[in-house]
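Have a look at these structures, which come just after this line.
Shared between the two complexes below is chain A, which has chain B as its partner in the first and chain C in the second.
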Partner chain A sequence: MTDRRRINGPSEGTAPPVFLTSSTRKAITKRSPTTLRKIFLKTSLTPPATGSAFLELPTPQNSTTPTLKLTASVYGPRPLPPSTTFSPNARLTAELKFSPFSTPGRRRGYVRDGVERDLSAQLSIALAKSVDVGKYPKSGIDVFVSVLDCEGGLGDLDSDAGKGRDSGKGGGVEVGLMSVLAGAISCASAAIADAGIECFDLVAGGVAGLVLEKPKWRKGKKADAGQEEEMDVAEDGDSKPSGKKKSRRTLTLVLDPSPTDGYFIVAAAMVAYMAARDELTLIWTKGSIDPAGDGDGDDGVEEVERVIDGAITAATGVRLVINEAVKERLLLGLKEMGLVKGNAVVASGDADDGDTVMV
Partner chain B sequence: MTTAVPPPAPNPLSFPPATFQKLAPKTFLERHLQSTPATRPSGRSPDTFRTPSLHTNSLSHAHGSAVVRTGDTAVVCGVRGEVLSLTAGVESRVVVLRSGEDRMDEDGDEIRERGLVVTNLEMGTGCTRDYHPGPPTDFAQAVTARLQRLLLANKLISPQSLRILDPNTEKIKAYWVLYIDVVVISLDGNVLDAAWASILAALRSTKLPQAYWDLDNEGVVCYPEASKYKSLCLKGLAFTASFAVINLGTEKGGKVILSDPDEFEEGVCEERVMVCALEEEKVGWIEKGGGVGQVAEVMECVRRATERFKAWEQLFSEGLGSSG
Partner chain C sequence: MSQNHPSLPQIALPGQPLAPTPPYTSNSGTHTSPSSYITASIAGIPYINPDLSISISRSPRPTTTTTTTTTTSPSSPHPLLLPEVTSTVLARVTRLTPRQATVEIFAMMRASGTGAEGDMGVCEHTFQGIIRAQDVRATEKDRVKILESFRIGDVVRATVISLGDQSSYYLSTASNSLGVVVAHSDAGDPLHPINWRQMACARTGIVEGRKVAKPI
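This part shows the complex of A and B:
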């Protein structure tokens, strides 16, 4: 079906470029597992919106490495359309959309697909509990998030065409969508605060993963391309049954894992965390958390706790950034208000800007 | 006998400016323009454009990208190339002559006929208050159509850089299709100028991988090395400048042309002029509608557009020079 409201490409269809299998080496970020990436967060970059924020993970030294960039804008509280039924609370809706050029491989469509709808629903759940919705009866609060650039690792969204060049994934669980959602939650929460909507707390998103430690002698090969990496993993898997009884695999907790890091992630968790109230508004885990699967229940629980605690630690770190961004905005606003008063006295000659008399 | 105290004489109705602006937008703008010197509500004089800013190549998955901000209007443009393979039946009609003998007038047709440039404008990003989820609005479609038309009419992209050849026979086996997507982050009027500038900057920063027709695979294969990426071949520059015209009436100063109108001014003024200025002070496109006017007005717009062209040109040489 062609979309008659947009300009479509050639009717024969086009394919994303296919690359020769490359040996380009991904520069693996040398972050310690407990270090979070720096976050650039700035509010009020969309002046027409009631509140807005822009979040970016700054590009590392290698400029071709993808990073996450997204904007959030908030409108409201504004009256709901008259056709809607009475609602004693504010209704918060969230929409998340990937830009057509934001993902590796194939272009994204213009119409929201299932993944985007799922992320939108999770985003609105994560945010709704932080807003004091009882304060705004009969109104709607609309949150829009557009993802401009992401790191890949989106699971089936990744088309194989981009594999050679773009995705330096190390196999295992894909954390791309998790970091997009975590970023969207943090960014949207900052935008809600920027809009001056009453909140119980700010929400921060955090991701953590349990990473399979590689045998020592393989460590040097970490920088290899994705396929090699997967082969290694397959070998690991094969060798597992024999060694399982004596030694269990060692899992390292990595905070804020990136799809470009090349880790083999066994399990990952994303949380939306309100640090001041110590409450979680959203938990999302992926991957097999109980590795042995031999009824040794304690292990599983421990790992769940471990990975979720890790995600909370990451979210607490992100929270500090949100605090700073909101504080910066608040101070700027106070300063501006002071300036406005000063200007009014000095520049009272510009009568047109003062009160205007209507007869 | 006590007579009721007459109520105090009512003060003349007075509003803060923001309320006045909402109640009587047209009067509000007129009062501003009647002051000396004429000032717009934003503090600009009628012939002042907003200062633009430009960043290129900030996105990693696009082949070329640019962020343009003029005042409170901000747009992001990403260009992405995909491959259109010509199936055996649909051989290319344009036979590549030896280089240099390609006739110029065939160039535009190739891009137009095959639809090798696909421009779209996405405004459903919460960029403005009146956003409703769903398909693009009429306004977004209209701007998209104008952008696409401008791009084709100015013949900026040379089709040579979009052709993918069979290395042995020098026949065209496939084309690059450029998907140009403009995402409006923040909208405060005059989205056309910003979107156009972002498209141009993104195209100039676009680097496509070097591709060739692989006989064995019967398909197009690209070299992954970053050093083999090639820039597009672009001809010249062109910049649009938009204006809004308001008629204050003959006794109050006649018509006032507002350069680079913002959202509020666009809402009030009905008459619009758009001029696309080319290099060497040439004009590539003029559109005017919504009012009765004289040629002098259009000439004034052209004069301002050529000045604006210089400002953009300056910005482009700085911005693209530094980002490499």
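This part shows the complex of A and C:
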């Protein structure tokens, strides 16, 4: 007797599909340190939401290498529940959630953990200053960011995340969470603009890092352990020993560093930047720059400014992509209404394939 | 669009400066930035109104002669519509007490002076509102009886007088043009207005008390 209450699989069984590895693999040219990764950003992809956006970074090496993919959806302004107290401003809540399958190599629990809570709080800080909350009294605006894929290097799942895959991790400060948050901020800001919620400016997230000159630093580390004495262990609380040679210590600024790039990142900064107003809504720095390491007596302020300026440069580049994505959606809506002006369509001609690419 | 100021871009994005503020003022969809520039708040098409205020609309503004574009919108709910003080709303009566009538606001007209005047939009969410007995009519306020002014299920045209407390907006029907616009008798028959305080049933002739809005 067959079980009719459940949906049964085929009786003869199934075989999992076997995919051939693509032989026509694109040759990846290494990015220059000041080049940002291309960004795919598209708005209005979640129909029930008031506004939404999808952001994706290109796959760097092959199809199994993780990349950053996330969606943001904005709901509201909607009335607050009656139990809440009167507020003349809108209440913006932001929530960032990792999908269980988002982290490479390890499944993630569904229950909200500390990392998600921390990123949600930072996201809400970064966005709250940009939204004109005074225009929406007694209402709530809810932003939900869902991370579908992230590149690893998330700090909390430190060592075993990158194991078994040649992700080319270079060690040092983990920037995975920073790029997730930067992407989430940019994506959520595009979604807010897509919803038509009044805001002072669009916010773009940017990441920059200071890396040691030698990318292959970790290769020889195990072999000559005796050299550890010469390494100057930095005083950050990171689980990985981040060190630098006293003798040759040139720090290069890398914009938009990826955990798969193989850099040894000494310090990194993430900013949320409103380019038109020239204001920062959030700064997050990580790592430590040894002030006395080079012996010239500076206290590292210049280096901090350098990495933050780099992050602002990265955010300015991301801002162009957000602009294009918002503009593209607006022109598409006008075109659907048949009310678009002729020369406005021409302006969107380069963005008709939906792939908004910057140089 | 011939009325466009030559300096305005065809499409404005949030944060984009549009015009200096001494001659121009901000209107819907724009704000004044700290550097005293009228700045776009939403993505859309900027317009200069006759009073030198700049507003941004997400869809092209209907030209003054066309009436077809105004009838396209009411079918779909508008997600960004919030009751403001002085805006005219349509509300359905949900609860009656001797002191007040509780209503749910389901449609509203933009408040005057926002540039997008005259478009009645259906809200995506309903908002709770209260019409207190002293706000039902302008005169003889102490003689108002809520039960002779509204019934549950009536559709009322009212104006927002206050954002109210945490839960409800405060509404008023103290004007000739405000009050009950759609009502049904106890038997379910539609009522038609016979004067400003009474409505009658066409089938049975029963007369019921209402605060009736002046038919347009």
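In this text, the second predicted complex is superposed on the first by the 258 of 359 C-alpha atoms of A that agree within 3 Å, B and C clash if a C-alpha of one lies under 4 Å from a C-alpha of the other, contacts with A are read in each partner's own complex, and residues count from 1 in each chain.
Assume a residue touches a chain if its C-beta (ideal position, glycine included) is under 8 Å from a C-beta of that chain, and two chains touch if they have at least 3 such contacts.
Since this is a predicted model, take the numbers as computed values, not measurements.
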Mind telling me which of the two, chain B or chain C, contacts the most residues of chain A? B
Give one of first, second, both or neither to describe whether A:P17 is in contact with chain B, with chain C, with both, or with none. first
First (chain B), second (chain C), both or neither: which does A:G333 touch? second
Chain A residues where the chain B and chain C footprints coincide none
So, in the complex, the side of chain B touching chain A is made of residues 12-17, 20, 23-24, 28, 31-32, 35, 39, 58-62, 65, 72, 74, 76, 78-85, 87, 90, 114-116, 118-120, 122, 124-129, 131, 133, 135-136, 141, 144-145, 148, 177, 179, 181, 183, 185-188, 209, 211, 219-226, 263
Mind pulling up the chain C residues that touch chain A in the complex? 1, 10-11, 13-17, 29, 31, 33-34, 39, 41-45, 58-60, 79-80, 82, 124-125, 127-128, 163, 165-167
Where on chain A is chain B touching in the complex? 3, 5-20, 22, 24, 45-49, 52, 59, 64-67, 69, 71-75, 95, 97, 99-104, 107, 110, 142-144, 146, 148-150, 152, 164-166, 350-359
Spell out the residues on chain A that touch chain C in their complex, using ranges where they run on. 50, 76-80, 82-86, 88, 132, 135-139, 193-202, 274-277, 323, 326-327, 329-331, 333-334, 337, 339, 341, 343-344, 347
